[in-house]
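The two complexes that follow have chain A in common; it is paired with chain B in the first and with chain C in the second.
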Partner chain A sequence: MDRELRSHIIKLAGSKTRLDGRGFTDYRDVSVETGVLSTAEGSSRVKIGKTEILVGVKVEVMKPYPDAPDKGSIMVGAELLPMSSPNFEQGPPSITAIELARVVDRGIRESKSLDFKGLCIEPGEKVWMIIIDICTINHAGNLFDAASLGVMAALKDMRFPKYEDDKIDYKEKTDKKLEITGTPISVTVLKIGDNFMIDPDIEEEQAVDARLSVATLEDGTLCAMQKGGDTPLSSEEIISMVDLATEKASDLRKHIK
Partner chain B sequence: MGKINVKDKDVVIPGEILAEGMDNFPGSGTYREGDNIAASIVGLVSIDGRTIKLIPLSGRYIPKKFDTIICKVIDVNMSGWRVDTNSPYSAMLSLKEATSKFIERGADLRQIYDIGDSVVCKVTNVTSQMLVDVSMKGPGLMKLSGGRILGVENNKVPRIIGKQGSMVSMIKDATGCNIVVGQNGLVWINGSPEGEMKAISAIHKIEQESHMSGLTDNIKQFLGSKIENKDGEKN
Partner chain C sequence: MTYKERPDGRKFDESRKIEAKVGVIDNADGSASFKIGNTLAYAAVYGPRNLHPRFLQDPSKGILRCNYNMMPFSGSGDRIRPGGSRRSKEISLVTQKALLPVLNLDNYPNSVVDVFIEFPQTEAGSRCAGICAASMALADAGLEMKDLVSAVSVGRVDDQIVVDLDYAEEAYEDGPVADIPIAMMPSYDKITLLQMDGLIQKKDLQKALEMGKKSLKEIHEVQKKALKEKYQGEVK
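Right, the complex of A and B next:
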């Protein structure tokens, strides 16, 4: 952790401002585009400030898992491309990449917004498997929120390909969409000193005491949480962080059509 | 007679053939490919007699003797500190060169500079193998405490400093911030929150418009307008 940077952020927080002049609960400019990749069944590009990520959704027909013979599933993978940050290296997924993918996966899975039973074609034999890939184009902080927003946008953009005689024709898309009942959105709240902030940039991520990613639904239902950072959080702190995340999630949700 | 394909001050990209034939020599930023001279970086062409060289427009900092740079301590060992220079090569700050104060035998060097601290230092020597030595003995060379460090394109540093430091002192006066500009593309800023924001936006503006004429006037106007706005709010 960068001590000098942390004490400077706390000093700035004393006059209710941040390194780039934002308030504690302000997002940078958010933009969401869908249908950006022609080879994927669904795709999106999300920009939060200078952070940029691409999400692609592919589908495959597979044998279901033995413990859930009538359910399809989702698989989320995150790739932190070395071009997007000097700290990312080529090679097997790093802990950061695995955490990113799992937080996004859990947010969607535990919201129960996707009907996994509806993905079943033939119980015990064939189900649709939805494969979601997250690629970072530029990392300028807050990959968690960008990724969860991008994945939801890409899932809503997804159209099933034509499926006939056990063969998928990826070149021909049908009008069939995924059935999505809710929009889980994850918002990451940072704690630096005694201050709660959202949408961290890279420097704030380096100076963080604790962070909490909270995925919520439209009605405020909590779906998943992930805590990071070195210092513990008290239960009062967690409650106020969750409240802040729920409030901000409704702003982010407006970007998804 | 060899043919030169480019003019002075042309912008070229890596791989571009600058000249054909053996009559010209490849300078910095270029290489010889067969009989041709090709560019290895993005840059401006500068033809100096029979030598063709390139002035880089972007790229990493490479340590040079007598540069004043901002470094971050990455290791503390028996005889001094290893510092990161924001370049591919780390530098050595020896105990002898670190401070003019007396350091007792067996003293804990982390009490003087700890890992993560930022220091302003001067490059004293660079070997052909790129082993870099830095010193902190001299005016203005010190440990930086408080404030924040901004990364800028190191090729634009001369623009940020200006002639005899005119640009940076203009920003200092207009924003009331302390500013130290390192030759290695790191800028340390410390001041009031609004002053810092203003200084940073001015520096980014210099970076973006460094190639345009009338830069000093543009920046003066930019800083001036911001001050007026602030006064307006107060009144």
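Right, the complex of A and C next:
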């Protein structure tokens, strides 16, 4: 990244401000809409400032994995569409897209909020596979938090289609929802210079020394973490970042009905 | 007369409900969305910008690159695997051919104008919706253009000529069906995209094209209105 811009961001941070004038722990405007797509079994549109993503859920019936014959599963994919940023290119998923999808996946999977056994239709033979895709419409920073919020919202919006005679009738949705016991929310905290901040825009994301994504449940239990960036963190710093993420997660969670 | 009524009650020469919007993607140099019935297209234009790899460059003019892509959850059936298919590649090609005649890229040697067309949801008529969105996005990007491009599908269902076929009509089983996506430069009365699947007589093709032209005039107005809405107040 541009060194002048980076040192400008760090200098600004020294006087407790950011490029767009926000405080370190302020989100941009957040909005979450659900049921926005007619072709998906569940969907959401999340906007954080000028960042916008769409999340769609499709379901398939599959043979279960041999090590879990009575469990269905989820699969999360992220498409960083070249439409949404001049820096995204066409082609197979980049490492950025893979990391994003896996961090979101683990935040949900490891929280045990989804009952995978409830997705079993016939043990050893047929289980539901829930496939969640994240597509970026406009990338203006902080896809991690937007994606985790969008995926939870879309899963709560999901309704199973009718399943009869080994066939899914996608045209007919039932009232049956996913059983979801908790709402894991991921918040990414950045370290730039000696400062912690959340909800980075593109420039701040590029200037980052280290970042930590922390998924937490309502009661503050941590369910997944991922450190990124090139700079190491002390354990004291990690605890402060976890505290900030937990506090902010409870604000974000209010956007999910 | 055997095909008396359309499944959704439309008149034979009536398209589904259309909504168009310009300036929907902040990062893009130009962008638009076009919704017809349940089919929704986003288009984003980036460029003119440097073209890599270099062997693709044309030293005499800029090139236009179009990419048609359905989001994984955009089909009403199974999930669509990301990464493009033979179908999406072919549609990308015909989309590029449909848009190129209105553009003048002579002033941008060695450059590319990228058009990314994405579909969050589809229900028939997606290539036409994509072309409508793309031509608005190109105009929004401020590129030199002779005209907009408007597109719609026409065809026959049994013994009736219709415009803007929906899924139920494409899959009609009690008689022959022809699906004919067309794109036009409305001000020049010239056709830039023509494909056809199905069976039709020459005189019916003629009738279908005439019906299509009428519908395209309406679509052209919707596109112009959406463009004006974005720039209202900005142009003095």
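In this text, the second predicted complex is superposed on the first by the 255 of 257 C-alpha atoms of A that agree within 3 Å, B and C clash if a C-alpha of one lies under 4 Å from a C-alpha of the other, contacts with A are read in each partner's own complex, and residues count from 1 in each chain.
In this section, a residue touches a chain if its C-beta (ideal position, glycine included) is under 8 Å from a C-beta of that chain, and two chains touch if they have at least 3 such contacts.
Because the structure is a prediction, the values reported are computed rather than measured.
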| item | value |
| --- | --- |
| Overlay on chain A: chain C relative to chain B, clash or fit | clash |
| Chain B versus chain C as contact partner of A:126, first or second or both or neither | neither |
| Contacts of A:21 with chain B and chain C, given as first, second, both or neither | first |
| First, second, both or neither for A:8, with chain B first and chain C second | first |
| Per-residue touch tally on chain A - higher for chain B or for chain C | C |
| Which superposed partner A:56 touches (first chain B, second chain C, both, neither) | second |
| Touching partner for A:255 - first (chain B), second (chain C), both, neither | neither |
| Of the stretches 117-125, 135-143, 189-197 or 207-215 belonging to chain C, the one that collides with chain B | 135-143 |
| Contact set on chain A toward chain C in their complex | 36-40, 43, 50, 54, 56-58, 60, 77, 79, 81-86, 90, 92-93, 131, 133, 135, 137-140, 170-171 |
| Chain B residues touching chain A - in the complex, by the definition given at the top | 116-118, 144-149, 193, 197 |
| Of all residues in chain C, those that touch chain A in their complex | 24-28, 38, 42-44, 46, 49, 67, 69, 71-79, 82-83, 114, 116-118, 120-123 |
| List of chain A residues in touch with chain B within their complex | 2-5, 7-8, 11-12, 15, 17, 19-21, 203 |
